[in-house]
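You will see chain A twice below: alongside chain B first, and alongside chain C after that.
This part shows the complex of A and B:
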């Protein structure tokens, strides 16, 4: 199943019926740091392992987590510029919905609209986006977690991971029933998973970023406060050492 | 390899459209099979259901949707392409209703979707969508009598009505089983059981291994033309009846 001459355009099938440009775009997402989302009983928590390219980078300037609306936000996995464009588009869609219907856009509809947009780039002469968004939303339809990937596919998840460490992360996430724990407890768990999947050999400098939308934040999507984040990171780092030894 | 295959939708010297042929290879992407059958006064679609990831919310996985309250669609192939086609179908049905003041019938919709699909096979810059749909509904003839109808619309734009058909990975196997097992004018119960059994035989499953969780069964009937799903308990009863019958 060689890609041969059929991998240069998204609007070209290979003889086996593959659209290689979409598969390559998904690889671009997997080349970046791990991003996670978990859907708990009282909200949704997002976390990301940001790989820092140089000591000179201002650590707080390079965010991967963005609010979409008051009650929803997302984390970008994969290429940051492509991801920022998707965030911009998603913000427009959600504001249009609010303007038209007068209510916050439910997570299901927001992700559907984004995926329709992303899908267009997988059938026409443009290249697909090399970024995936993990979308967290807490509107009238309750806590929702969606993954919108470069193929335009979207599913609703209990927990999701993308990026370099996604396989190991998924294995760890499957062990926990997030629907029974609170966001605060889940934060410790995802900090542990992010430390566990981090590759110390290849990516020495990194930073963790967390955000959530919960009952405690009055269903407002915000960055996790520094003190809580630091506590979770310390706990997570210790717990992760347990995983790595196994 | 490059001279005998063509990357945009132009004719080869033998008069074939390779990109269209390649798009048919995508219909087995998810390794699912679906069966559509027409009974005396019912239309039934039995769709196989698989949840690809343990962390997925099971309710978010569906391949059968409502286009209008009375027309159902089963999509099969690339998931995002199926979502795009579902959206187009809903759009066309909605526009028809707005323009003419009554709901479109399934024959019209199937041909309209076929027209869309054909457009992608001829228009440079797009690839054919990797999806085959089964549309099903009760349709009134000129005398006002309702008849059940099933149409398939494939990536080449062919929209044909059937008494019984199958799409997906084991489509040919199911069709062979149906040619022997299908009878016209079956009752609702017989039609559903015929559908389940033809799927079981083609998947190579022994009688007990397909459960309600592996199937999505949706129906329309003359006494209730609204498209609806058969609940899990009833599906289990049908599966048990099939076992007892044999």
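This part shows the complex of A and C:
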């Protein structure tokens, strides 16, 4: 598999049948902080390791977690500006659905609409988006978790991780059956995973962000309240010390 | 004044190519006057009126589903174009709409909504009645200046069971346990409010609807013909038609009233003789 002459444009196939620009876009997602999502029995929880470029930056700025609709939200993995554009598009799509049909857009349809948009950028000569969205939705079809990646591919997950530490994160997430635990318990687990995958040497400044949509929040997508988040972070930090890093 | 006939299609004159707007003209027709038959030169203004459905439509929730009912009359001015019209239109197999107002407007809007609902059914696997009602509302509101259309959307879905939504011509939407619509409905509002009960059985609901339509048809000249019903429950979707002859009430057939139609006597000696 050689890239060579066939990777300058999303319009071009390589002799092996690859479109390298799309693969590079996926690599751009994996160059940023780890983002993950888990689908529990009473809702969906999202978490992200938000990397901060310097101590002087307000840690609350450049949030990576966005609400899409009342009952749905997402976390951006990869290039933040690209991701913001996708969020804006997804919000439009979901609002349009609500305007036409009067009901919340089911997660499956919302992610399909986003992927249709993302896919267009892989065939039209524009560069593909360097961002993936992990979409959480808790509408009439129950808790749903989707990954929409830069190729326009869409996956429905029980638990998913993207970004720098995704390999280790996936290994840790696979050990737990999230469909049996509540969101509050899952929050502790994902805090632990995020601390475990964080590389202290390379990325000194970082902040963890959490958001969820659960029965307790009345199926409303919100940030996890500060006190609960802090408790989870403390617990997670301690638990992470027990995990071996690659 | 020349005799002419609107060109309805190639089948009426196989020698001519159909050209919309072209008048077919028989040069001999001007000279031909059958004896004793009045000449109708053109359609009178009355009969050029748009096809409307002055109508009676109603729907009610009962224990287990919804019952829809409508009369059968479609009129173009004073001409009754159809006496057994199907005003209950299918959107999906569990969602139906009753149409009143302009037949053209409502038929085309119903087609559009059906298309959208088919797409949604493929994506979602099922369609909530609320979504269909919302779509009718959307179309009715954004086109409110150019159309004349009143709808009642009724159906059954798993989430909320039987539901009835009234979408009148302004483009508002009202979720109600029962509702009436069309020109004939005004005559039966009082009766409907007095006799409706929640949690009726299917038979009670059908009897209630049948009586409602019958009383509306009795007083509204724009309603008449056969009566149609549609029952939608979790298990079934059932259509029925009640012929006009089996209507439960007409003014003409009301036995209580025949006594009043006595032949009046000039200069009666006593009142009793006349009104006995």
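The criterion applied here is as follows: the second predicted complex is superposed on the first by the 244 of 246 C-alpha atoms of A that agree within 3 Å, B and C clash if a C-alpha of one lies under 4 Å from a C-alpha of the other, contacts with A are read in each partner's own complex, and residues count from 1 in each chain.
In this text, a residue touches a chain if its C-beta (ideal position, glycine included) is under 8 Å from a C-beta of that chain, and two chains touch if they have at least 3 such contacts.
Model, not experiment: these values are computed from the prediction.
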Please work out whether A:203 is in contact with chain B alone, chain C alone, both, or neither, and reply first, second, both or neither.
-> neither
A:140 contacts which: chain B (first), chain C (second), both, neither?
-> second
Chain B versus chain C as contact partner of A:122, first or second or both or neither | first
Between chain B (first) and chain C (second), which does A:7 come into contact with in this model arrangement: first, second, both, or neither?
-> neither
Between chain B and chain C, which makes contact with more of the residues in chain A?
-> B
Which partner does A:106 contact after superposing on A: first (chain B), second (chain C), both, neither?
-> second
Which superposed partner A:158 touches (first chain B, second chain C, both, neither) = first
Could you pull out which residues of chain A sit against chain B in one structure and against chain C in the other?
-> 112
Chain A - residues contacting chain C, complex = 99-103, 106, 108-109, 112, 140
Touching residues (chain side chain B, partner chain A) in the complex | 1-2, 5, 7-8, 18-19, 22-27, 29, 53-57, 59-61, 78-81, 83-84, 87, 120, 125-130
Chain B contact footprint on chain A (complex, rising order) = 4-6, 8-19, 112, 115-116, 118-119, 122-125, 151-160, 170, 173-174
Please name which positions on chain C make contact with chain A in the complex.
-> 116, 120, 123-124, 128, 130-131, 133-135, 137-138, 159
